[in-house]
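A quick write-up on the structure given underneath.
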(Lines give C-alpha, C1' and ligand atoms only; values in the text may rest on other atoms or scores of the structure.)
Protein backbone atom coordinates (compact mmCIF):
# COMPACT_ATOMS: atom_id res chain seq x y z
CA UNK A 1 0.00 0.00 0.00
CA UNK A 2 2.86 2.34 0.89
CA UNK A 3 4.54 1.33 -2.37
CA UNK A 4 1.34 1.92 -4.32
CA UNK A 5 1.03 5.55 -3.21
CA UNK A 6 4.77 6.09 -3.56
CA UNK A 7 4.43 4.96 -7.18
CA UNK A 8 1.70 7.52 -7.90
CA UNK A 9 3.78 10.20 -6.17
CA UNK A 10 6.87 9.30 -8.22
CA UNK A 11 4.81 9.37 -11.42
CA UNK A 12 3.49 12.82 -10.49
CA UNK A 13 6.95 14.27 -9.81
CA UNK A 14 8.51 12.71 -12.89
CA UNK A 15 5.74 14.14 -15.09
CA UNK A 16 6.35 17.62 -13.64
CA UNK A 17 10.09 17.45 -14.19
CA UNK A 18 9.70 15.90 -17.65
CA UNK A 19 7.12 18.43 -18.84
CA UNK A 20 9.38 21.30 -17.91
CA UNK A 21 12.60 19.77 -19.25
CA UNK A 22 11.99 21.25 -22.69
CA UNK A 23 12.06 24.86 -21.51
CA UNK A 24 15.78 25.34 -22.10
CA UNK A 25 15.65 23.99 -25.65
CA UNK A 26 16.06 26.40 -28.51
CA UNK A 27 12.96 25.33 -30.37
CA UNK A 28 9.73 25.85 -28.50
CA UNK A 29 7.44 22.99 -27.84
CA UNK A 30 3.71 23.08 -28.23
CA UNK A 31 1.30 21.60 -25.70
CA UNK A 32 1.61 18.11 -27.17
CA UNK A 33 5.42 18.20 -27.05
CA UNK A 34 5.45 19.26 -23.40
CA UNK A 35 2.92 16.63 -22.39
CA UNK A 36 4.62 13.91 -24.41
CA UNK A 37 8.02 14.49 -22.81
CA UNK A 38 6.32 14.55 -19.40
CA UNK A 39 4.49 11.29 -20.12
CA UNK A 40 7.62 9.52 -21.40
CA UNK A 41 9.66 10.70 -18.41
CA UNK A 42 7.00 9.42 -16.03
CA UNK A 43 6.35 5.99 -17.50
CA UNK A 44 9.54 5.20 -19.46
CA UNK A 45 11.63 3.68 -16.69
CA UNK A 46 8.86 1.65 -15.09
CA UNK A 47 7.64 0.40 -18.46
CA UNK A 48 11.13 -0.80 -19.43
CA UNK A 49 11.51 -2.47 -16.02
CA UNK A 50 8.19 -4.28 -16.39
CA UNK A 51 9.00 -5.36 -19.95
CA UNK A 52 12.41 -6.75 -18.91
CA UNK A 53 10.78 -8.54 -15.97
CA UNK A 54 7.92 -9.77 -18.15
CA UNK A 55 5.65 -8.34 -15.45
CA UNK A 56 2.44 -8.11 -17.43
CA UNK A 57 0.16 -6.26 -17.49
CA UNK A 58 2.38 -3.17 -17.45
CA UNK A 59 1.27 -1.02 -14.52
CA UNK A 60 0.01 2.09 -16.39
CA UNK A 61 -1.97 -0.10 -18.80
CA UNK A 62 -3.83 -1.76 -15.94
CA UNK A 63 -4.09 0.95 -13.30
CA UNK A 64 -6.01 4.04 -14.40
CA UNK A 65 -4.75 5.97 -11.36
CA UNK A 66 -1.32 6.23 -12.98
CA UNK A 67 -2.75 8.03 -16.01
CA UNK A 68 -4.75 10.21 -13.59
CA UNK A 69 -1.55 11.15 -11.72
CA UNK A 70 0.02 12.14 -15.03
CA UNK A 71 -3.01 14.22 -16.00
CA UNK A 72 -2.97 15.82 -12.54
CA UNK A 73 0.67 16.79 -13.01
CA UNK A 74 -0.18 18.29 -16.43
CA UNK A 75 -2.91 20.42 -14.86
CA UNK A 76 -0.49 21.60 -12.17
CA UNK A 77 2.11 22.32 -14.86
CA UNK A 78 -0.30 24.47 -16.84
CA UNK A 79 -1.71 26.47 -13.94
CA UNK A 80 1.37 26.83 -11.77
CA UNK A 81 4.16 26.87 -14.32
CA UNK A 82 5.14 30.48 -13.71
CA UNK A 83 5.46 29.72 -10.03
CA UNK A 84 7.25 26.41 -10.55
CA UNK A 85 9.72 27.60 -13.16
CA UNK A 86 10.94 30.48 -11.00
CA UNK A 87 12.17 27.92 -8.57
CA UNK A 88 14.87 26.16 -10.50
CA UNK A 89 15.74 24.27 -7.35
CA UNK A 90 12.20 22.98 -7.13
CA UNK A 91 12.48 21.43 -10.58
CA UNK A 92 15.67 19.75 -9.52
CA UNK A 93 13.93 18.49 -6.37
CA UNK A 94 11.05 16.98 -8.38
CA UNK A 95 13.48 14.86 -10.34
CA UNK A 96 15.47 13.94 -7.23
CA UNK A 97 12.39 12.79 -5.30
CA UNK A 98 11.32 10.89 -8.43
CA UNK A 99 14.56 8.92 -8.76
CA UNK A 100 14.64 8.24 -5.00
CA UNK A 101 11.17 6.71 -5.03
CA UNK A 102 11.55 4.91 -8.34
CA UNK A 103 14.85 3.22 -7.58
CA UNK A 104 13.48 1.53 -4.47
CA UNK A 105 10.14 0.68 -6.10
CA UNK A 106 12.03 -0.90 -8.98
CA UNK A 107 14.21 -3.01 -6.68
CA UNK A 108 11.15 -4.05 -4.65
CA UNK A 109 9.12 -5.09 -7.69
CA UNK A 110 12.09 -7.01 -9.12
CA UNK A 111 12.60 -8.91 -5.87
CA UNK A 112 8.88 -9.78 -5.85
CA UNK A 113 9.51 -11.36 -9.27
CA UNK A 114 12.28 -13.51 -7.73
CA UNK A 115 15.11 -11.74 -9.48
CA UNK A 116 18.57 -12.07 -7.93
CA UNK A 117 19.69 -9.01 -5.90
CA UNK A 118 22.29 -7.83 -8.43
CA UNK A 119 19.82 -7.79 -11.31
CA UNK A 120 17.27 -6.17 -8.96
CA UNK A 121 19.68 -3.30 -8.25
CA UNK A 122 20.23 -2.78 -11.98
CA UNK A 123 16.47 -2.86 -12.59
CA UNK A 124 15.99 -0.31 -9.80
CA UNK A 125 18.44 1.97 -11.56
CA UNK A 126 16.73 1.41 -14.91
CA UNK A 127 13.32 2.22 -13.36
CA UNK A 128 14.65 5.47 -11.98
CA UNK A 129 16.72 6.83 -14.83
CA UNK A 130 15.43 5.45 -18.13
CA UNK A 131 12.37 7.67 -18.40
CA UNK A 132 14.76 10.60 -18.26
CA UNK A 133 17.19 8.92 -20.65
CA UNK A 134 14.46 8.43 -23.27
CA UNK A 135 13.27 12.03 -22.73
CA UNK A 136 16.81 13.38 -23.18
CA UNK A 137 17.31 11.34 -26.34
CA UNK A 138 13.99 12.63 -27.72
CA UNK A 139 14.93 16.27 -27.13
CA UNK A 140 18.50 15.56 -28.27
CA UNK A 141 20.25 16.36 -25.00
CA UNK A 142 23.19 14.47 -23.51
CA UNK A 143 21.41 12.18 -21.04
CA UNK A 144 21.38 13.51 -17.47
CA UNK A 145 22.90 10.21 -16.28
CA UNK A 146 26.14 11.36 -17.92
CA UNK A 147 25.98 14.66 -16.04
CA UNK A 148 28.99 15.77 -14.06
CA UNK A 149 27.38 15.47 -10.66
CA UNK A 150 26.59 12.16 -9.04
CA UNK A 151 23.24 10.93 -10.32
CA UNK A 152 22.94 7.26 -11.22
CA UNK A 153 25.52 6.33 -8.62
CA UNK A 154 23.23 7.75 -5.90
CA UNK A 155 20.48 5.39 -7.12
CA UNK A 156 22.86 2.43 -7.08
CA UNK A 157 24.00 3.30 -3.54
CA UNK A 158 20.40 3.52 -2.32
CA UNK A 159 19.49 0.25 -4.04
CA UNK A 160 22.47 -1.55 -2.47
CA UNK A 161 21.52 -0.25 0.99
CA UNK A 162 17.90 -1.32 0.48
CA UNK A 163 18.83 -4.86 -0.59
CA UNK A 164 21.31 -5.11 2.29
CA UNK A 165 18.75 -3.97 4.88
CA UNK A 166 16.19 -6.47 3.58
CA UNK A 167 18.84 -9.17 3.80
CA UNK A 168 19.25 -8.35 7.49
CA UNK A 169 15.48 -8.51 7.94
CA UNK A 170 14.89 -4.81 8.42
CA UNK A 171 11.19 -3.98 7.92
CA UNK A 172 10.63 -3.09 4.25
CA UNK A 173 8.93 0.26 5.03
CA UNK A 174 11.87 1.31 7.19
CA UNK A 175 14.40 0.07 4.64
CA UNK A 176 12.57 1.87 1.83
CA UNK A 177 12.39 5.16 3.75
CA UNK A 178 16.05 5.08 4.74
CA UNK A 179 17.34 4.20 1.28
CA UNK A 180 15.10 6.70 -0.54
CA UNK A 181 16.32 9.41 1.85
CA UNK A 182 19.88 8.30 1.15
CA UNK A 183 19.47 8.69 -2.61
CA UNK A 184 17.91 12.12 -2.24
CA UNK A 185 20.58 13.30 0.21
CA UNK A 186 23.50 12.04 -1.89
CA UNK A 187 22.08 13.75 -4.98
CA UNK A 188 21.43 17.05 -3.19
CA UNK A 189 24.86 17.12 -1.55
CA UNK A 190 26.65 16.23 -4.78
CA UNK A 191 24.92 19.02 -6.69
CA UNK A 192 25.40 21.53 -3.85
CA UNK A 193 29.11 20.81 -3.53
CA UNK A 194 29.61 19.88 -7.20
CA UNK A 195 30.84 16.43 -6.30
CA UNK A 196 31.47 14.02 -9.13
CA UNK A 197 32.81 10.54 -9.62
CA UNK A 198 36.46 10.25 -10.62
CA UNK A 199 36.93 10.60 -14.34
CA UNK A 200 37.83 7.49 -16.22
CA UNK A 201 41.29 8.27 -17.57
CA UNK A 202 41.53 7.05 -21.14
CA UNK A 203 45.24 7.79 -21.23
CA UNK A 204 46.95 10.21 -23.57
CA UNK A 205 44.38 9.68 -26.31
CA UNK A 206 46.97 9.23 -29.01
CA UNK A 207 45.53 7.40 -31.94
CA UNK A 208 47.70 4.84 -33.64
CA UNK B 1 -10.04 -9.23 -42.20
CA UNK B 2 -10.35 -5.55 -43.05
CA UNK B 3 -7.88 -4.82 -40.25
CA UNK B 4 -5.50 -7.48 -41.53
CA UNK B 5 -5.19 -5.93 -44.99
CA UNK B 6 -5.09 -2.43 -43.53
CA UNK B 7 -2.10 -3.56 -41.45
CA UNK B 8 -0.23 -4.78 -44.54
CA UNK B 9 -1.09 -1.53 -46.33
CA UNK B 10 0.14 0.56 -43.41
CA UNK B 11 3.38 -1.46 -43.25
CA UNK B 12 3.89 -0.88 -46.99
CA UNK B 13 3.39 2.89 -46.76
CA UNK B 14 5.52 3.26 -43.63
CA UNK B 15 8.37 1.35 -45.29
CA UNK B 16 8.22 3.66 -48.31
CA UNK B 17 8.25 6.82 -46.22
CA UNK B 18 10.93 5.45 -43.89
CA UNK B 19 13.24 4.30 -46.68
CA UNK B 20 13.17 7.72 -48.25
CA UNK B 21 13.49 9.71 -45.04
CA UNK B 22 17.28 9.62 -45.22
CA UNK B 23 17.47 11.48 -48.52
CA UNK B 24 17.79 14.93 -46.93
CA UNK B 25 20.62 13.88 -44.59
CA UNK B 26 24.11 15.13 -45.29
CA UNK B 27 25.75 11.73 -45.22
CA UNK B 28 24.57 9.34 -47.86
CA UNK B 29 23.17 6.01 -46.89
CA UNK B 30 23.99 2.79 -48.57
CA UNK B 31 21.38 0.17 -49.46
CA UNK B 32 21.45 -1.33 -45.99
CA UNK B 33 20.94 2.04 -44.29
CA UNK B 34 17.96 2.88 -46.46
CA UNK B 35 16.36 -0.52 -45.92
CA UNK B 36 17.05 -0.50 -42.20
CA UNK B 37 15.39 2.89 -41.65
CA UNK B 38 12.45 1.69 -43.75
CA UNK B 39 12.15 -1.51 -41.75
CA UNK B 40 12.35 0.27 -38.37
CA UNK B 41 9.78 2.86 -39.46
CA UNK B 42 7.42 0.11 -40.57
CA UNK B 43 7.59 -2.21 -37.60
CA UNK B 44 8.78 0.03 -34.73
CA UNK B 45 5.44 1.37 -33.54
CA UNK B 46 3.52 -1.90 -33.82
CA UNK B 47 6.34 -3.83 -32.14
CA UNK B 48 6.42 -1.44 -29.18
CA UNK B 49 2.62 -1.62 -28.91
CA UNK B 50 2.67 -5.43 -28.90
CA UNK B 51 5.50 -5.51 -26.33
CA UNK B 52 3.66 -3.11 -24.00
CA UNK B 53 0.48 -5.15 -24.42
CA UNK B 54 2.38 -8.41 -23.96
CA UNK B 55 0.63 -9.49 -27.19
CA UNK B 56 2.91 -12.37 -28.15
CA UNK B 57 3.88 -13.49 -30.70
CA UNK B 58 4.71 -10.06 -32.13
CA UNK B 59 2.88 -9.75 -35.45
CA UNK B 60 5.87 -9.53 -37.85
CA UNK B 61 7.54 -12.51 -36.17
CA UNK B 62 4.48 -14.68 -36.76
CA UNK B 63 3.07 -13.41 -40.01
CA UNK B 64 5.41 -13.70 -43.00
CA UNK B 65 3.15 -11.44 -45.07
CA UNK B 66 4.35 -8.44 -43.07
CA UNK B 67 7.97 -9.06 -44.09
CA UNK B 68 6.72 -9.59 -47.67
CA UNK B 69 4.99 -6.17 -47.58
CA UNK B 70 8.23 -4.60 -46.42
CA UNK B 71 10.22 -6.33 -49.17
CA UNK B 72 7.58 -5.26 -51.69
CA UNK B 73 7.97 -1.65 -50.57
CA UNK B 74 11.76 -1.95 -50.93
CA UNK B 75 11.38 -3.19 -54.49
CA UNK B 76 9.05 -0.31 -55.29
CA UNK B 77 11.50 2.11 -53.64
CA UNK B 78 14.39 0.87 -55.79
CA UNK B 79 12.58 0.84 -59.10
CA UNK B 80 10.36 3.88 -58.75
CA UNK B 81 12.44 6.11 -56.49
CA UNK B 82 13.03 8.76 -59.14
CA UNK B 83 9.34 8.97 -59.74
CA UNK B 84 8.42 8.90 -56.05
CA UNK B 85 10.99 11.42 -54.88
CA UNK B 86 9.91 14.03 -57.40
CA UNK B 87 6.57 14.10 -55.68
CA UNK B 88 7.40 15.44 -52.26
CA UNK B 89 3.70 15.55 -51.52
CA UNK B 90 3.43 11.86 -52.25
CA UNK B 91 6.04 11.08 -49.60
CA UNK B 92 4.11 13.16 -47.13
CA UNK B 93 0.93 11.29 -48.10
CA UNK B 94 2.59 7.89 -47.50
CA UNK B 95 3.36 8.84 -43.94
CA UNK B 96 -0.06 10.38 -43.42
CA UNK B 97 -1.91 7.30 -44.66
CA UNK B 98 0.41 5.20 -42.49
CA UNK B 99 -0.37 7.06 -39.26
CA UNK B 100 -4.09 7.11 -40.07
CA UNK B 101 -4.22 3.35 -40.47
CA UNK B 102 -1.83 2.54 -37.62
CA UNK B 103 -3.53 4.68 -34.99
CA UNK B 104 -6.87 2.93 -35.43
CA UNK B 105 -5.28 -0.54 -35.73
CA UNK B 106 -3.40 0.14 -32.50
CA UNK B 107 -6.53 1.21 -30.63
CA UNK B 108 -8.44 -1.79 -31.99
CA UNK B 109 -5.76 -4.32 -30.98
CA UNK B 110 -5.46 -2.74 -27.53
CA UNK B 111 -9.22 -2.94 -26.95
CA UNK B 112 -9.14 -6.61 -28.02
CA UNK B 113 -6.60 -7.09 -25.20
CA UNK B 114 -9.10 -5.58 -22.73
CA UNK B 115 -7.15 -2.39 -22.17
CA UNK B 116 -9.12 0.61 -20.86
CA UNK B 117 -10.04 3.20 -23.53
CA UNK B 118 -7.57 5.84 -22.33
CA UNK B 119 -4.60 3.49 -22.45
CA UNK B 120 -5.90 2.20 -25.82
CA UNK B 121 -5.81 5.73 -27.24
CA UNK B 122 -2.22 6.17 -26.04
CA UNK B 123 -1.26 2.80 -27.53
CA UNK B 124 -2.89 3.82 -30.82
CA UNK B 125 -0.70 6.91 -30.84
CA UNK B 126 2.40 4.87 -29.97
CA UNK B 127 1.64 2.40 -32.79
CA UNK B 128 1.37 5.22 -35.28
CA UNK B 129 4.28 7.47 -34.34
CA UNK B 130 6.98 5.42 -32.63
CA UNK B 131 8.37 3.79 -35.76
CA UNK B 132 9.03 7.29 -37.04
CA UNK B 133 10.36 8.41 -33.65
CA UNK B 134 12.93 5.59 -33.60
CA UNK B 135 13.84 6.33 -37.23
CA UNK B 136 14.34 10.03 -36.49
CA UNK B 137 16.49 9.23 -33.45
CA UNK B 138 18.60 6.84 -35.56
CA UNK B 139 19.25 9.45 -38.25
CA UNK B 140 19.65 12.16 -35.56
CA UNK B 141 16.70 14.32 -36.59
CA UNK B 142 14.33 16.11 -34.25
CA UNK B 143 11.42 13.66 -34.15
CA UNK B 144 8.58 14.54 -36.53
CA UNK B 145 6.13 14.38 -33.62
CA UNK B 146 7.67 17.65 -32.39
CA UNK B 147 7.16 19.24 -35.80
CA UNK B 148 5.38 22.55 -35.99
CA UNK B 149 2.30 21.27 -37.75
CA UNK B 150 -0.31 19.11 -36.08
CA UNK B 151 0.81 15.49 -36.21
CA UNK B 152 0.37 13.41 -33.07
CA UNK B 153 -2.68 15.42 -32.08
CA UNK B 154 -4.40 14.32 -35.29
CA UNK B 155 -3.81 10.69 -34.25
CA UNK B 156 -5.20 11.34 -30.78
CA UNK B 157 -8.28 13.05 -32.23
CA UNK B 158 -8.93 10.08 -34.55
CA UNK B 159 -8.40 7.60 -31.72
CA UNK B 160 -10.85 9.46 -29.47
CA UNK B 161 -13.47 9.54 -32.23
CA UNK B 162 -12.97 5.81 -32.89
CA UNK B 163 -13.36 4.85 -29.22
CA UNK B 164 -16.41 7.11 -28.91
CA UNK B 165 -18.09 5.63 -32.00
CA UNK B 166 -17.50 2.09 -30.73
CA UNK B 167 -18.99 3.14 -27.38
CA UNK B 168 -22.16 4.17 -29.20
CA UNK B 169 -22.20 0.83 -31.02
CA UNK B 170 -21.24 2.13 -34.43
CA UNK B 171 -20.07 -0.72 -36.67
CA UNK B 172 -16.29 -1.08 -36.31
CA UNK B 173 -15.62 -0.91 -40.06
CA UNK B 174 -17.58 2.33 -40.32
CA UNK B 175 -15.94 3.75 -37.18
CA UNK B 176 -12.47 2.79 -38.46
CA UNK B 177 -13.05 4.36 -41.89
CA UNK B 178 -14.41 7.60 -40.45
CA UNK B 179 -11.67 8.03 -37.86
CA UNK B 180 -8.82 7.12 -40.27
CA UNK B 181 -10.22 9.66 -42.73
CA UNK B 182 -10.37 12.21 -39.91
CA UNK B 183 -6.69 11.73 -39.03
CA UNK B 184 -5.62 12.03 -42.65
CA UNK B 185 -7.79 15.13 -43.24
CA UNK B 186 -6.63 16.93 -40.07
CA UNK B 187 -3.00 16.26 -40.98
CA UNK B 188 -3.38 17.41 -44.59
CA UNK B 189 -5.27 20.56 -43.63
CA UNK B 190 -2.79 21.44 -40.87
CA UNK B 191 0.17 21.12 -43.24
CA UNK B 192 -1.61 22.99 -46.06
CA UNK B 193 -2.59 25.90 -43.85
CA UNK B 194 0.42 25.62 -41.50
CA UNK B 195 -1.80 25.11 -38.49
CA UNK B 196 -0.11 24.26 -35.23
CA UNK B 197 -1.06 23.74 -31.63
CA UNK B 198 -0.65 26.72 -29.32
CA UNK B 199 2.88 26.99 -28.02
CA UNK B 200 3.39 26.17 -24.40
CA UNK B 201 4.52 29.46 -22.90
CA UNK B 202 7.37 28.80 -20.51
CA UNK B 203 7.31 32.41 -19.29
CA UNK B 204 10.14 34.91 -19.63
CA UNK B 205 12.80 32.20 -19.49
CA UNK B 206 14.93 34.04 -16.99
CA UNK B 207 17.18 31.69 -15.17
CA UNK B 208 17.63 32.20 -11.48
CA UNK C 1 26.83 -25.80 -24.07
CA UNK C 2 28.98 -24.39 -26.86
CA UNK C 3 26.37 -21.67 -27.31
CA UNK C 4 26.32 -20.95 -23.58
CA UNK C 5 30.06 -20.22 -23.41
CA UNK C 6 29.95 -18.34 -26.70
CA UNK C 7 27.29 -16.10 -25.15
CA UNK C 8 29.50 -15.29 -22.15
CA UNK C 9 32.42 -14.64 -24.51
CA UNK C 10 30.32 -12.34 -26.68
CA UNK C 11 29.10 -10.45 -23.59
CA UNK C 12 32.72 -10.02 -22.44
CA UNK C 13 33.93 -8.64 -25.78
CA UNK C 14 30.93 -6.36 -26.22
CA UNK C 15 31.46 -4.90 -22.74
CA UNK C 16 35.11 -4.17 -23.55
CA UNK C 17 34.30 -2.47 -26.84
CA UNK C 18 31.35 -0.58 -25.34
CA UNK C 19 33.27 0.66 -22.30
CA UNK C 20 35.96 2.09 -24.51
CA UNK C 21 33.64 3.58 -27.13
CA UNK C 22 33.37 6.84 -25.20
CA UNK C 23 37.08 7.63 -25.41
CA UNK C 24 36.81 9.67 -28.60
CA UNK C 25 33.96 11.83 -27.29
CA UNK C 26 34.67 15.43 -26.42
CA UNK C 27 33.21 15.27 -22.94
CA UNK C 28 34.95 12.84 -20.62
CA UNK C 29 32.98 10.15 -18.94
CA UNK C 30 33.31 9.20 -15.32
CA UNK C 31 33.46 5.61 -14.14
CA UNK C 32 29.69 5.23 -14.16
CA UNK C 33 29.40 6.54 -17.73
CA UNK C 34 32.04 4.14 -19.02
CA UNK C 35 30.50 1.16 -17.25
CA UNK C 36 26.98 2.08 -18.29
CA UNK C 37 27.87 2.28 -21.98
CA UNK C 38 29.71 -1.03 -21.64
CA UNK C 39 26.74 -2.66 -19.96
CA UNK C 40 24.24 -1.35 -22.52
CA UNK C 41 26.44 -2.47 -25.42
CA UNK C 42 26.74 -5.93 -23.91
CA UNK C 43 23.12 -6.65 -23.05
CA UNK C 44 21.16 -4.29 -25.34
CA UNK C 45 20.90 -6.50 -28.43
CA UNK C 46 20.19 -9.75 -26.61
CA UNK C 47 17.63 -8.08 -24.36
CA UNK C 48 15.75 -6.62 -27.32
CA UNK C 49 15.85 -10.01 -29.06
CA UNK C 50 14.46 -11.79 -25.99
CA UNK C 51 11.74 -9.16 -25.52
CA UNK C 52 10.65 -9.41 -29.18
CA UNK C 53 10.65 -13.22 -28.89
CA UNK C 54 8.85 -13.08 -25.55
CA UNK C 55 11.64 -15.39 -24.32
CA UNK C 56 11.26 -14.84 -20.57
CA UNK C 57 13.11 -14.73 -18.29
CA UNK C 58 15.57 -12.47 -20.13
CA UNK C 59 18.95 -14.19 -20.02
CA UNK C 60 20.92 -11.68 -17.91
CA UNK C 61 18.10 -11.51 -15.35
CA UNK C 62 18.20 -15.26 -14.84
CA UNK C 63 21.85 -16.17 -15.34
CA UNK C 64 24.25 -14.49 -12.91
CA UNK C 65 27.23 -15.55 -15.03
CA UNK C 66 26.32 -12.91 -17.59
CA UNK C 67 26.63 -10.13 -15.01
CA UNK C 68 29.89 -11.75 -13.88
CA UNK C 69 31.24 -11.64 -17.46
CA UNK C 70 30.38 -7.95 -17.61
CA UNK C 71 32.07 -7.25 -14.29
CA UNK C 72 35.11 -9.25 -15.47
CA UNK C 73 35.32 -7.11 -18.58
CA UNK C 74 35.11 -3.96 -16.43
CA UNK C 75 38.02 -5.16 -14.30
CA UNK C 76 40.05 -5.90 -17.42
CA UNK C 77 39.13 -2.47 -18.81
CA UNK C 78 40.35 -0.71 -15.67
CA UNK C 79 43.62 -2.58 -15.28
CA UNK C 80 44.61 -3.05 -18.89
CA UNK C 81 43.12 0.01 -20.53
CA UNK C 82 46.46 1.58 -21.40
CA UNK C 83 47.49 -1.60 -23.10
CA UNK C 84 44.14 -2.15 -24.82
CA UNK C 85 43.70 1.39 -26.06
CA UNK C 86 47.08 1.49 -27.75
CA UNK C 87 45.87 -1.25 -29.99
CA UNK C 88 43.10 0.41 -31.92
CA UNK C 89 42.86 -2.70 -34.03
CA UNK C 90 42.21 -4.75 -30.95
CA UNK C 91 39.20 -2.63 -30.05
CA UNK C 92 37.87 -3.14 -33.53
CA UNK C 93 38.45 -6.88 -33.18
CA UNK C 94 36.50 -7.02 -29.88
CA UNK C 95 33.46 -5.60 -31.58
CA UNK C 96 33.91 -7.82 -34.63
CA UNK C 97 34.14 -11.01 -32.58
CA UNK C 98 31.12 -9.79 -30.61
CA UNK C 99 28.89 -9.31 -33.65
CA UNK C 100 30.06 -12.62 -35.14
CA UNK C 101 29.09 -14.56 -32.04
CA UNK C 102 25.91 -12.64 -31.31
CA UNK C 103 24.43 -12.87 -34.79
CA UNK C 104 24.57 -16.66 -34.80
CA UNK C 105 23.43 -16.97 -31.18
CA UNK C 106 20.48 -14.73 -32.00
CA UNK C 107 19.48 -16.80 -35.03
CA UNK C 108 19.88 -20.02 -33.03
CA UNK C 109 17.73 -18.81 -30.10
CA UNK C 110 15.06 -17.52 -32.49
CA UNK C 111 14.88 -20.85 -34.32
CA UNK C 112 14.53 -22.61 -30.95
CA UNK C 113 11.48 -20.40 -30.40
CA UNK C 114 10.02 -21.66 -33.70
CA UNK C 115 10.42 -18.39 -35.54
CA UNK C 116 10.48 -18.56 -39.35
CA UNK C 117 13.99 -18.34 -40.89
CA UNK C 118 13.55 -14.83 -42.27
CA UNK C 119 12.50 -13.37 -38.92
CA UNK C 120 15.31 -15.39 -37.28
CA UNK C 121 17.87 -13.74 -39.56
CA UNK C 122 16.52 -10.28 -38.66
CA UNK C 123 16.58 -11.18 -34.94
CA UNK C 124 20.18 -12.38 -35.32
CA UNK C 125 21.07 -9.00 -36.77
CA UNK C 126 19.19 -7.19 -33.99
CA UNK C 127 21.00 -9.26 -31.32
CA UNK C 128 24.34 -8.35 -32.81
CA UNK C 129 23.96 -4.67 -33.58
CA UNK C 130 21.33 -3.14 -31.28
CA UNK C 131 23.48 -2.95 -28.17
CA UNK C 132 25.86 -0.81 -30.20
CA UNK C 133 22.99 1.16 -31.71
CA UNK C 134 21.63 2.06 -28.25
CA UNK C 135 25.16 2.92 -27.07
CA UNK C 136 25.75 5.19 -30.08
CA UNK C 137 22.41 6.93 -29.54
CA UNK C 138 23.27 7.46 -25.85
CA UNK C 139 26.62 9.06 -26.66
CA UNK C 140 25.05 10.92 -29.61
CA UNK C 141 27.11 9.31 -32.36
CA UNK C 142 25.86 8.27 -35.78
CA UNK C 143 25.19 4.56 -35.22
CA UNK C 144 28.02 2.31 -36.40
CA UNK C 145 25.55 0.32 -38.49
CA UNK C 146 25.42 3.32 -40.83
CA UNK C 147 29.21 3.34 -41.10
CA UNK C 148 30.77 3.37 -44.52
CA UNK C 149 32.30 -0.08 -44.31
CA UNK C 150 30.27 -3.26 -44.43
CA UNK C 151 28.95 -4.01 -40.95
CA UNK C 152 25.35 -5.15 -40.63
CA UNK C 153 25.49 -6.76 -44.05
CA UNK C 154 28.26 -9.06 -42.81
CA UNK C 155 25.92 -10.19 -40.01
CA UNK C 156 23.10 -10.79 -42.46
CA UNK C 157 25.40 -12.80 -44.74
CA UNK C 158 26.55 -14.97 -41.84
CA UNK C 159 22.98 -15.47 -40.63
CA UNK C 160 21.83 -16.52 -44.11
CA UNK C 161 24.69 -19.01 -44.39
CA UNK C 162 23.92 -20.42 -40.94
CA UNK C 163 20.22 -20.93 -41.70
CA UNK C 164 21.07 -22.47 -45.07
CA UNK C 165 23.58 -24.89 -43.54
CA UNK C 166 21.06 -25.98 -40.90
CA UNK C 167 18.51 -26.50 -43.66
CA UNK C 168 20.92 -28.91 -45.33
CA UNK C 169 21.40 -30.70 -41.99
CA UNK C 170 24.93 -29.52 -41.33
CA UNK C 171 25.84 -30.06 -37.67
CA UNK C 172 24.96 -26.90 -35.73
CA UNK C 173 28.45 -26.53 -34.17
CA UNK C 174 30.06 -26.71 -37.60
CA UNK C 175 27.49 -24.35 -39.11
CA UNK C 176 27.93 -21.89 -36.23
CA UNK C 177 31.74 -21.92 -36.52
CA UNK C 178 31.73 -21.43 -40.27
CA UNK C 179 29.18 -18.62 -40.27
CA UNK C 180 30.77 -16.77 -37.32
CA UNK C 181 34.11 -16.96 -39.12
CA UNK C 182 32.43 -15.66 -42.27
CA UNK C 183 31.04 -12.59 -40.46
CA UNK C 184 34.39 -11.82 -38.88
CA UNK C 185 36.29 -12.27 -42.16
CA UNK C 186 33.86 -10.14 -44.21
CA UNK C 187 34.06 -7.37 -41.63
CA UNK C 188 37.87 -7.45 -41.41
CA UNK C 189 38.32 -7.50 -45.19
CA UNK C 190 35.81 -4.69 -45.73
CA UNK C 191 37.57 -2.46 -43.20
CA UNK C 192 41.04 -3.35 -44.48
CA UNK C 193 40.14 -2.63 -48.10
CA UNK C 194 37.53 0.06 -47.30
CA UNK C 195 34.81 -1.89 -49.04
CA UNK C 196 31.30 -0.54 -48.78
CA UNK C 197 27.88 -1.32 -50.13
CA UNK C 198 26.76 0.65 -53.16
CA UNK C 199 25.27 3.97 -52.17
CA UNK C 200 21.56 4.31 -52.60
CA UNK C 201 21.24 6.97 -55.24
CA UNK C 202 18.47 9.34 -54.25
CA UNK C 203 18.64 11.10 -57.61
CA UNK C 204 19.41 14.75 -58.18
CA UNK C 205 18.02 15.80 -54.81
CA UNK C 206 16.10 18.71 -56.20
CA UNK C 207 13.30 19.72 -53.94
CA UNK C 208 10.01 20.63 -55.51
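In this document, chain identifiers A, B and C correspond to the written order of the chains, with residue numbering beginning at 1 in each.
Convention: contacts are C-beta pairs under 8 Å (C-beta built on N, C-alpha and C of every residue); 3 or more make two chains touch, one makes a residue touch a chain.
Everything numeric in this text was worked out from a predicted model, so none of it was measured.
Trainee: Between copies chain A and chain C, what's the superposition rotation on C-alpha atoms, in steps of 5 degrees?
Mentor: 120
Trainee: If more than half of the interface residue numbers appear on both sides, call it same; otherwise different. Which is it for chain B and chain C?
Mentor: Different: fewer than half of the residue numbers at the chain B-chain C interface appear in both copies.
Trainee: What whole-Å value do you get for the distance between chain B and chain C if each is reduced to the mean of its CA atoms?
Mentor: Spacing between the chain centres: roughly 29 Å.
Trainee: Could you list the positions in chain C whose residues touch two or more of the other chains?
Mentor: Answer for chain C, listing residues that touch two or more other chains: 51, 54, 137, 140.
Trainee: Write out the stretch or stretches of chain C touching chain B in their complex.
Mentor: Residue list for chain C touching chain B: 51-54, 115-116, 118-119, 122-123, 133, 137, 140, 142-143, 145-146, 148, 152-153, 196-203, 205, 207-208.
Trainee: Mind pulling up the chain B residues that touch chain C in the complex?
Mentor: Touching chain C: residues 20, 22-23, 27-34, 36, 39, 47, 51, 54, 56-58, 60-61, 64, 67, 81-82, 85-88, 137-138, 140 of chain B.
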